[in-house]
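The two complexes that follow have subunit A in common; it is paired with subunit B in the first and with subunit C in the second.
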Partner chain A sequence: MDITTSLLSMQAEASLAVILVVMLLADLIIREPGHRKLQILGCILMAVQLALNVVPAEGEAFGGMYRSTELASVVKTVLAAGTLLVFMQAGEWLGREDTRGKAGEFYLLTLSTLLGMFLMVSAGSFMLFYIGLELASIPMACLVAFDKYRHHSAEAGAKFILSSMFSSALMLYGLSLLYGTCGTMYFADMPALLAGTPLQVMAMVFFFAGLGFKVSLVPFHMWTPDVYQGAPTAVAGYLSVISKGAAAFAMAAVLLKVFGGMVHDWSLLLSVVTVLTITVGNVFAVLQTDLKRFMAYSSISQAGYIVLGALAGSGQGMASLVYYVIIYVAANLAVFGIIGTVEQHTGGKTGRSAYAGLYQTNPRLAFGMTLALFSLAGIPPFAGFFSKFFVFAAAFHAGHWLVVFLALVNTIISLYYYLLVVKAMYITPSDSPVPPFRADGLTRAGLLVCVAGVVVTGLVSGLYGLLSGAALH
Partner chain B sequence: MDYTILILALPALSFLLLALAGMKMSHRVAGIVGTLSLAAVTVLSYATACSYFTAGRMEDGLYPTLVPWNFEWLPFTPSLHIDMGILLDPISVLMLVVVSTVSLMVHIYSFGYMKGEKGFQRYYAFLSLFTFAMLGLVVATNIFQMYVFWELVGVSSYLLIGFYYTKPEAIAASKKAFIVTRFADLGFLIGILIYGYYMQTFTFTPSEERLMQAGMVLPWALGLMFVGGAGKSAMFPLHIWLPDAMEGPTPVSALIHAATMVVAGVYLVARMFPLYVDFAPHVLHAVAWVGAFTALYAASVACVQSDIKRVLAFSTISQIGFMMVALGVCTDADPHGGGLGYMAGMFHLFTHAMFKALLFLGAGCIIHAVHSNEMEMMGGLRRYMPVTHITFLVACLAIAGIPPFSGFFSKDEILTACFGFSPAMGWIMTAIAGMTAFYMFRLYYGIFWGKENRELHARHTPHESPLAMTFPLVFLALVTVGAGFIPFGRFVSANGHAYDIHLDWGVAGTSIVVALAAIALATWMYARDRQPVADMLAARFSRLHRAAYRRFYMDEAWLFVTKRVIFRCVSVPVAWFDRHVIDQFMNFLAWGTNAAGESLQPVQNGRIQAYTWWFLSGIIVLTAVLLLF
Partner chain C sequence: MNILSLFVLIPLLMLLGLWMSRSLNQVRGVMVAGSGLLLVLAVWLAVAYSGLRSAGADEEMLFTASVTWFAPLHICYSVGVDGISVVMLLLSAVIVFTGTFASWKLKPLTKEYFLWFTLLSTGVFGFFISTDLFTMFMFYEVALIPMYLLIGVWGSGRKEYSAMKLTLMLMGGSAFLLIGILGIYYGAGGETMNILEIVKERIPTEVQRIFFPAVFLGFGVLGALFPFHTWSPDGHASAPTAVSMLHAGVLMKLGGYGCFRVAMYLMPTGAAIWGDFFLVLTTVSVVYGAFSAVVQTDLKYINAYSSVSHCGLVLFALLMMTRVSATGAILQMLSHGLMTALFFALIGMIYGRTHTRDIRQLSGLMKIMPFLSVGYVIAGLANLGLPGLSGFVAEMTVFVGSFERADLFHRACTVIATTSIVITAVYILRVVGRILYGTCRNPEHLKLTDATWDERFAVICLVVAVAGLGLSPWWASSVISASVEPIISQLSQL
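Moving on, here comes the complex of A and B:
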């Protein structure tokens, strides 16, 4: 296989790279103020990306360095769709006086991280995996610090890049240990060489910690609230779903494919971490009054549910994980989208008290928010119920009933704090509620897609069947 | 046959349209939308019936079972999955015709009856919902789909009974109907689950191998399913909701509580009939005895009621009992052997739907004219309402079993089947048929003959109803006159082979004589202005009369069971457990979460050094844990 055919078989990555270049050129060509045009171009290009890659495809390139399965291909499509939704919702924020001039950078940086995640998801070797991980991390720090003249954003950026470096370094250390014991970096060759020696166990924990940082699993989660709160809301939304979803899938895939022989070790590791993550996320979320910080803890707890799918260690578990991510993308982006648009129209309010009486002034927004929160809490018939059900079922089948029980108890707690927001919107009276406003067209369309996703996916069962079909391939 | 999907889609769409946009429409437009969609459904149903039956039988002499449309909804295992679809076989096609015809008539009739009512659009929306649900029930391809639509039918019945939601009686009646049928449906659901678990399928035709292995499980499953059917079809002792359900608008009573929904239980038994007859004959005969007792009970209560809708309600219960008996007395699938009852029951379902809908719609006209349900407000109405009078009489003759009206033919087949099963059953049912003729003519004379309530009529002269209301009466009366001559056995029979109906003149003669005698008795007692005989009997047997009037205290018995026994002995302890154990656990959870949050808060102090410290210690601890365990 020569380079051209190799590149062509990396279809999703190749088309994304082309989009990246087109956006770069467009940013140079389009004259000020071009933020609106760039947004529309970005959305159209992402839609094209989706259309090109909607059929799941397998591919292998560069001698096994790159290896994409059908399920990975589905994940990439989901990530691209989520990115499209973020683009749709980012318009109002990017149109602000101080960000208007650098809107192009936002798209470039986001697409770079997305490309990194694509590589991470479909890597066939730790080398490419690490490159993808870094590509997904470094531009992310720039995104977090995008509002750099605002104190919080700059601080969040600094915290993110420092923590990220720290975790990367540890992970790299773990990878070097793996290379030392196995003598190879290829996923395909490693399972035979991994026997679960203490050194390898240590290496696995280091690798796990590096990804645990990205997924924000406890105790590697500490950066999350500060960064989510400080980062621009669109970026926080992107971080909370796209970055997290990609990392969770990559982690599960590597654990299953590479460390398959050490399943005893990592299932214990995952059980402990999952329960800790869900519980700690919940315990902290209960006390938050700022919605962005609140959503940070909520997303920590959700991360626990996502990796619960990986705990099953089976194709079914992978399918339930991907399904969970899909639903989570829709629900969480709806919430962040609403937080973002309310923030834009109220001069930066993100406190829960600001949402009091939202139902009276903006009923549709409040209703959409309610549906999304219900889905996050896992109330039937919304999609979140089914995604939780499938993850629980997969873990239960694998015999982790204690973990499932603790996770179930936690869903009750989570119900409480999600409903706090609903209560604020519908019941708490307010003297100065958010005035009625109308978000711009793309934002509304994006929110509509998210909310529709939450409602419709719950009713259509075929999706999960398709995913488990893809997972068994 | 792809168009059959429209039969379900049209009422569903019209429900959505009327429910979402109804308030923006005028009454007229809303009514027209509902009626037109139903008219289209009726045309399609007739077309389906025509093409289905004219396409002819297959080589084995059976009509084919067609599934023009099916979609797998919830897969559990490769064989066990819940589907949504449309199944056409002789009985489902028959039901399509029955449901759509009666529903269309009710839609037209309601134009006149509900004119000017508040919530007219809501009424039509609910009618569409009901029709959708009922049609979905009859064409169900599997027992679970049937259950889903079964519940949907229950909901729409609840909504329509409680249509006059400002009336406390209507609210109470709607709740009663819903709760009683839901309670019965619990049995149905358990039956379905057992069936699904052991047969590994929800379809009506499990594999031979599974059937052979099932043993005693299948009779239990079928028996539990019948409990659900008994609830919907108001079999004793679950019948208590139906008389109260008369609080709903009268056309609704005609559609739901006389012609279609209440026969769902009969349809269920017919649907599962091959399994009943081959694998659970005892259950089937139990069904027959339950039906017979119900028929007797309801007929005796009907003899003394004074509210005309109540009389009709009890008559409905009694007639459904007849259908259950017909199905229950089958001993074999061969109509020439012991399977005549199946055909007779379905035939009676069909004819009864028509003449009972006619009776209810006629009663609606009468109530419309005198503004009361009580018989004492009526009398002598034949002069004011000629059309209602004649059509009502036709229906009464049909239900009494006088030839050549349709009821005669179907009831005669039932009686023949009963005599074939056991002479005792035959004579019991013949006697009940006589009681039917008696109470129906008591009703008829009470309304149209007898003493006119002059002071009332002076204030408000009764008048004939508008065309929208009389047209359905005439239409249904014509059907009632002609339907007996349909060679029903050619279309529907227990084993699917054609069967030619031939009258057994011994049985038919007896039943005609009994019916005529009962009518004569009713004429003697009730046709005149004064009713000395009836009054004397009521005084002589006052305790019996009062007991029958109070429906033999069945409602009181149920209240005793629920309030005294269930509430006190089950609900109170369970409530205590809920308050003190479950709630306290939740409170503990809340308290624990808050306390943990408060005390852990300082850990998240915003200092990146602390974060990396946690990160590193986390790794070390986790590695240690893994290496140690």
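Moving on, here comes the complex of A and C:
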């Protein structure tokens, strides 16, 4: 296979790289203040990228180093769609006085992390996997610290880079042990060489811990609340869905493809971590009054539900996991989008008390938020209900019914704190509610897409069937 | 298209209509047209159903249809009705229709109120027509969540506390339910979610032993099973009138219906193992609810505890597992649904005038608002089981059926539960005597007026239904009894 066909089989990555270059050039050419033009250009390019890659494709390149399955291709499309939504919602924040001049950097950094995630998701070897992971992490630290003169953004960036490096080091150590015992880095060759020796189990645990940081599983979640709270809201939204979704999928894929034979070694570990993640995330979320911090804990517990799909260790589990991620992207981005736009129009308020009486002044915003929160809580007929049911079914099928039960009990706790926000918006009276405002067009369009996704995706049955088909491939 | 799907489609169209309404009159128009249509449809369904049955249709469910939804998990949108669902649909339609009139003058945010109210109704109707476990469970949850906002925003008293408590407890129940449904699905081989097909499979005894209590408890929470009934008094007391009506009248019936149709029908072995344990709990519900009602001073609390007692009787009769008692249970659901809705409607109307529900501050209302007071007396008499009204028919059937179980344990439970009849008479007559008769001690109350036309209409509809069921129970009774048969035979196979 020559280099051209190799590259063509990587069309998602290749097109993304082209977009990256175009954005870089555009940033140089477009004169100040060009944040608006850059945003529109970024959105159009991402939409084109989505349209080009909407049909799931399989591909292999560089002798198996790169291997994209149909399911991975779907995941990449979802990640790109999520990024497009983040771009649409970031306009108001980037139009602010102090960020206006560096809007171009935001798009460049975001697109590089996305490219890293693409590579990570479709890696066929631990080498490419690691490169992708790093590409997804380092620019992310810059994004987190983007508002460097504001709030705790710089501090959050420092925390992120430190914990990120630490987890990478752990993972690299695990990978070195794996290489030592197997003599190869390729996913395809490994299962035959993995016999579950103590050294290999140790390698697996290190690998798992390293990725656990990225997915923010308990006990590797400590950085999450501080970083989410400090990071600009658009970045926090990006971090909570795109970065987490990619890492969770990559983790599940590796556990299934590479460590599939060692399922007895990791299923107990993963069960315990899953239950802990869901519970700790939920219990701490109850106590939060700042919505960004609250969403950080909420997304920790959501990560636990995502990982339930991995715990199933089956095609059904993978399909459910991807389905869960899709719904989660829509719901979480709707919430973060609303938090972001309220923050921009109230001079930086993100406390729950600021949302009191929101329904009276901004009924549509409050309604959208309610639907998104209901979906996160798993209330039908919103999509979150279906996605939760599918991951539960998958984990149950694999025999983890106790884990499923504990996860279900946790949904009650999560319902409680999601309802607290709903209560603030609808019931709690307020002397100084958020004044009525109109968010800019792209933000509204982005929110509309998210909310529509939350309402419609669950009822559309073909999607899950498609994912199941792709997973069985 | 299947005729049953209209029961979901009409509420959905109502939601759309409400969404687009621009004035109060349009909102009311949509509600009356929609709920009226549903009532007509339910009556038509009842007639058509009896017609088909007497023409010799002997399938377990009629009007069945099924559309595959999520193929990998065999989830279908499957519908079908038997006699039990037909009467439940009729009950729901009556209560949604009268509930619309009972909240005729509700303010503020009337449109939003009716949006959530209609969403709740969608869930209720969808639940009763479903024969697919997943779809059924989905509609069940759809019916629960609007309660939070309906109570939280439009309620009275400690509404935020009550709303949260109710939602969390019921959702807690549905967590048990979900794990139970997964247990049934995979226990029956993971090939179908359709109740009518699962029942042909044998679910292993071990699976039934674990998941029967989960499902029964899950539905039982909504059926106010002791000790998980505590959401009910607070919730009912804080809810606005029509929501109390719908909730006590219909929503609590989802619990009994689910226990019977899902838990007991699909897992008969589990029912045999756990039946006695739950029977004790329901006996406690029946008696404890009645005693609690005696000591309450708030009209809504009295009726809420009375509902705990009467809904306990539904589960009690189901667990007796005889054909007569199960028929009685369904009749009791029907009867209790109608009369408790009547009660809550009247309490709401009285409260709207006097601004108090405390029986110590009310007296001599009969002279001031004779229409409402007479309605209250009728509801009370139906509640304590006066012959000629619906309560008598239901309770009689329940206790006769329960006496068929002649062993000591069941006999003892029956005798204990029967005492609730006497206690019911105590709290009903005490309240009626206190607030309706005698002289009015509060001069402010003398200026109050009697019911307006919309209120009269709602009350008359319900009184007619209560008396109709009491005077001629044959139709309901025979339709129910025939449909109870397959479930009971499933239970007595062991």
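A few comments on the model shown:
Note that in this section the second predicted complex is superposed on the first by the 472 of 473 C-alpha atoms of A that agree within 3 Å, B and C clash if a C-alpha of one lies under 4 Å from a C-alpha of the other, contacts with A are read in each partner's own complex, and residues count from 1 in each chain.
Quick note on the criterion: a residue touches a chain if its C-beta (ideal position, glycine included) is under 8 Å from a C-beta of that chain, and two chains touch if they have at least 3 such contacts.
Since the model is a prediction, treat every value here as computed from it, not as a measurement.
Of the two partner chains placed around the shared chain by superposition, neither subunit B nor subunit C is touched by A:L7.
Judged by the touch definition given at the top, the superposed model places A:A57 against neither subunit B nor subunit C. Legend: residue contacts after superposition of the two complexes on their common chain; A:L419 is shown touching subunit C, with no touch to subunit B. Shared-chain residue A:V409: touches subunit B and subunit C both. In the superposition on chain A, A:S468 contacts subunit C only, with no contact to subunit B.
Shared-chain residue A:V22: touches no atom of subunit B or subunit C. Within the superposed three-chain model, A:A445 lies out of touch with both subunit B and subunit C [touch as defined at top].
In the superposition on chain A, A:A47 makes contact with neither subunit B nor subunit C. 409, 412, 416, 461, 465 are the residues of subunit A that lie in the contact sets of both subunit B and subunit C, per the superposition on chain A.
On subunit A, the positions that touch subunit B within their shared complex are 159, 162-163, 166-167, 170, 198, 201-202, 205-206, 208-209, 213, 218-220, 222-223, 225-226, 265, 268-269, 272-273, 280, 282-284, 286-287, 409, 412-413, 416, 461, 465. Residue ranges on subunit A touching subunit C, taken from their complex, read 316, 319, 374, 379-381, 385-386, 389-390, 392-393, 396-397, 401, 404-405, 408-409, 411-412, 415-416, 419, 422-423, 426-427, 461, 464-465, 468. Listed in rising order, the residues of subunit B touching subunit A in the complex are 73-75, 586, 589-590, 593-594, 596-598, 600-601, 604, 606, 608, 610-612, 614-619, 622-623, 625-627, 629.
Listing the residues of subunit C that touch subunit A in their complex gives 68-73, 75, 134, 138-139, 141-142, 145, 148-149, 152-153, 159-160, 164, 167-168, 171-172, 175-176, 178-179, 182-183, 185-186, 190.
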